[in-house]
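Chain lettering (A, B, C and D) follows the sequence in which the chains are written, and residue indices restart at 1 in each chain.
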């Protein structure tokens, strides 16, 4: 099935203090219809910026994209003007954000904010839009849609606001939903409900979802494919089961070892801590960016840029190690 | 024999002044009783709003409890006046959650680390600087950063400076109020390992507060689960995590996403909780899948069901 | 704290702040050196040369008593700057004391101080200053006192807001956990972090104080003639304003330049020392 | 819409503020001056009138009794008699109040309308020429002394390019319209006499603009900074990600949030306008309360000055109350907090 989103060799630089600072270098990944791709990485890895590059909400606007292409259902987005992008946003590409407390307009009711979006994209009357809005709220399991519609955002709890935001995003049945860490600010129990909602939306209406998170646990439960980013570059992409069980890139392996788990291991044993610090993506550095922290770093890693290796079943790794990092090595 | 740190029926109620003198009481803590041995690490886990941060503030007396008592090595610190409290304060210190607001932006690292000793009037100024650079090395940072300002450091490094500051007064107990929640996974691992090493080296007692169950397992021997200002279950960390008894603990563990664990959709009844709880009956009544008539009428009390594993629920 | 080169490096590329600083320095120098550089004596009357248009001998022309307007404007600069600065310094000192007291103490003290502040603020600043000066008796000193009282609430509110915000910061709570008393906390943590907003408010405040003080002189309650105060000069110039345009134009122009200088400088300081701008 | 509690709380607050104002004016007129009676009767009054005032004020009695006397007078609307004109201050103020009201309202309208337009334009076209132009206009506005701008306006628009009249509210050959509100434009409209209306507007434009210019600059700076803040908020980014077009984002989603803080600034603006009216009315010979108080200053007519202070402050407090209600009407969160 032809992927609805094909990003190849995307590079982005933002207007910085002394000239444009590169923050994304040669990012490639694709997303099929009805598939959930997990975009994983630590803060500063550029995962949110990748999302903003797709629907062009980058601070510098369209001109921040300095290279590569973003194909949405065969159509090239990078060249689009702001006006053209407006027809895509909300209709074909929807987005939800991390901070539920500030993501809705405080001086408008939920009804007003939902009907505005529907009326713009689907040329409906306000009455029809209200019905569709109430119907959307039911879909996201809000118990009393009528009352919620007439509420102001400050009257709703964090979890409720996140559901309203999902309802708004899905109200025009978009083909792609970008979720920028939607559950990070929520409690564990509420987070599980939001994950359930996203899974439901994906299965029922076939919406492709890019799920951005720094929490490997959430990603492993929700996503069928995973892309791991490090300091503005794509370290590894592949099916979730493979990336989690047989990670090809040393960074992914180290990240998995650093995640505290409570199923295995005794109390008070030590977590594997990756030495050193994440480099600032805007610094120009030769060779593989993970080299200074990588236990397998070879001389070539410090000089050459690592190629993309294919490990089969669309599992790709950008690393010099033959067939990626082997199983038995320094990282427990 | 009383334990090293004894918390007796601690309660904290905030009164919100409505108009016309109409007061609404919010019970942040509702009769918390805990005892911690010297050198032990007790984990406290709960969702936001369960009162765990209020407990942290009470332990270091940033606020005074409404009732109940806190005994540090037999000495009550709950209701002491500021003057008598001063000597005891050096024995109990805190590390806050937010790396970006726990260090003063206008002070160098040296000033930050020497401030506690200055306030307490310990050591000469030369000794203080020496001790500051010693502690910096202890937390894995170069003593050359003494002259730098907080904005020149990453989140993980700032937490290390906060830990160093808490150690300057040679405390017996460290209150850790979600010290790694704002950090990335790899940085969190570094800070957790550091805390474990320091605890062994300096024989410290920890009160580790977090909303992340998995993190608590790595650092605490025993764990208490809090819900709406009360302790619903307390026991050895491993048995709490592998064989939980209270329905709320089970709901929490089911919801925590673990790498490789299949996702089980949440029960429909788990809806938004909020507002004040019912006066009588179990506080978890409205979300409990196994509730019955007795739960509605009587409030369960913490009882020991297994070896050193207490839970407050009628249905077990 | 911040080395001079660093300040100069930042100053260099926001020109508006430089312009502001330049204007202020120019006016201050003019005021200080007026006895040396002024061509005439400010009160030297020369009736035959009265109401002369600007020319070589009198670059700013002469007033109805033949006095040289340029000289009087220079001496006026000295008065206005001292008036503006002293009002702001006193108002800020008193305001910061009560503001931090009310912010830190809270409870009844806070409510009491806020009640008084609100009472003063329920008057338009010009009207209250006028009433106070009328009661105290016209004169420059009484005007300064009145304007100072009118401006104190600004600093009380600014300082109270800062203290309330900073009190919640974790590093202030941390210092309390190792036994730091209120005095130590205010001195070591709250004051250093209030300096930037306070400095900005005071710089803008000088311009604003000059405006109100000169308005008071204009309506006859501030400086009394023959004092070369800008407001008083324009007040007497009013009757001749239409025909002898220069009599009112030049003193007013200098008020505008002085106040603009302080405003530009104030905005510039806010941008330079603002934590956000320091970071990037 | 407005619960009982919401209105009750506002009323109590209003009474408290009135009390506060009266305490301040009482202390200014009775406590601060050395000999309050002498201040009230003026230097040329005879000894008996001085003694009579002293007893009438109850200066020998404790302060509280004096305050009680002061408040009873106030309740009866008795603001004392003017030294200059020997007529009750309250009637003279009543006569000149509509003129000041007309001037201040016109100036407020100009300040708010132009201020918001300038502010929004500057924020929307940030760092482009519109932004720089409006910031320069605002900077000049904030730094201009009110009395100087009035005189300069007269020189330029009366002497050099004579398109505006220099004084008065109406052309001399026209008779003022029937006194309904006392505001010539409205009364003229009500009476249907267009010449009066046009002439009144013609006389009002220049003084109103000079009075409004400073406040317009303040409003513009406020609107610009709050608009820039709002445009960077998360909910604007969410709306943008839903495909809301740019003009709707700015003029519906952002504007309402940005104007909320401006509403509170409006309250302050009116206060400054009332204060500034003293100067502008004097320069343009506008027969309002400002000119009345200006004339009484040269005589040090203390009762008149204190009467003016009271009237202006009370109307300022009332207008602030209206602004406060408007603010909670616009911002649902404040209304909710008040009713809980």
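By definition in this document, contacts are C-beta pairs under 8 Å (C-beta built on N, C-alpha and C of every residue); 3 or more make two chains touch, one makes a residue touch a chain.
As the structure is a prediction and not an experimental result, all values here were calculated from the model.
Trainee: Please state, in steps, how far chain C lies from chain A along the shortest route of touching chains.
Mentor: 2
Trainee: Comparing A-D against C-D, which pair counts more contacting C-beta pairs?
Mentor: When A-D is set beside C-D, the one with more contacts is C-D.
Trainee: Where the centres are mean C-alpha positions, what is the separation of chain C from chain D, in Å?
Mentor: Going by mean C-alpha positions, chain C sits 23 Å from chain D.
Trainee: Can you give the whole-Å distance between the Cα centres of chain B and chain D?
Mentor: 55
Trainee: Taking the mean of the CA coordinates per chain, how far is chain A from chain D in Å?
Mentor: Inter-chain centre distance comes to 54 Å.
Trainee: Distance-wise, how many Å sit between the C-alpha centres of chain A and chain B, to the nearest whole number?
Mentor: 32
Trainee: In the complex, go through chain C and note every residue touching chain B.
Mentor: 1, 169-181, 184, 188-189, 192-193, 275, 278-279
Trainee: Mind listing the chain A positions that touch chain B in their complex?
Mentor: 42-43, 141, 143, 157, 159-160, 187-193, 195-196, 199, 214-218, 220-222, 244-245, 254-256, 258-263, 266-274, 277-278
Trainee: Under the touch definition given earlier, write down the residues of chain D that touch chain C in their complex.
Mentor: 17, 20-21, 23-25, 28-29, 32-33, 39, 139-140, 142-148, 151-152, 154-155, 158-159, 166, 271-272, 274-276, 278-279, 282-283, 293-294, 297-298, 300, 302, 305-306, 308-309, 312-313, 316-317, 320
Trainee: List the residues on chain B that touch chain C in their complex, please.
Mentor: So the residues of chain B in touch with chain C come to 60-62, 82, 85-86, 89-90, 93-94, 96-98, 101-107, 115-116, 119-120, 151, 162, 165, 169.
Trainee: Considering the complex alone, what residue numbers of chain D touch chain A?
Mentor: It is residues 233-235, 237-246, 248, 253, 256-257, 260, 330-333, 336 of chain D that touch chain A.
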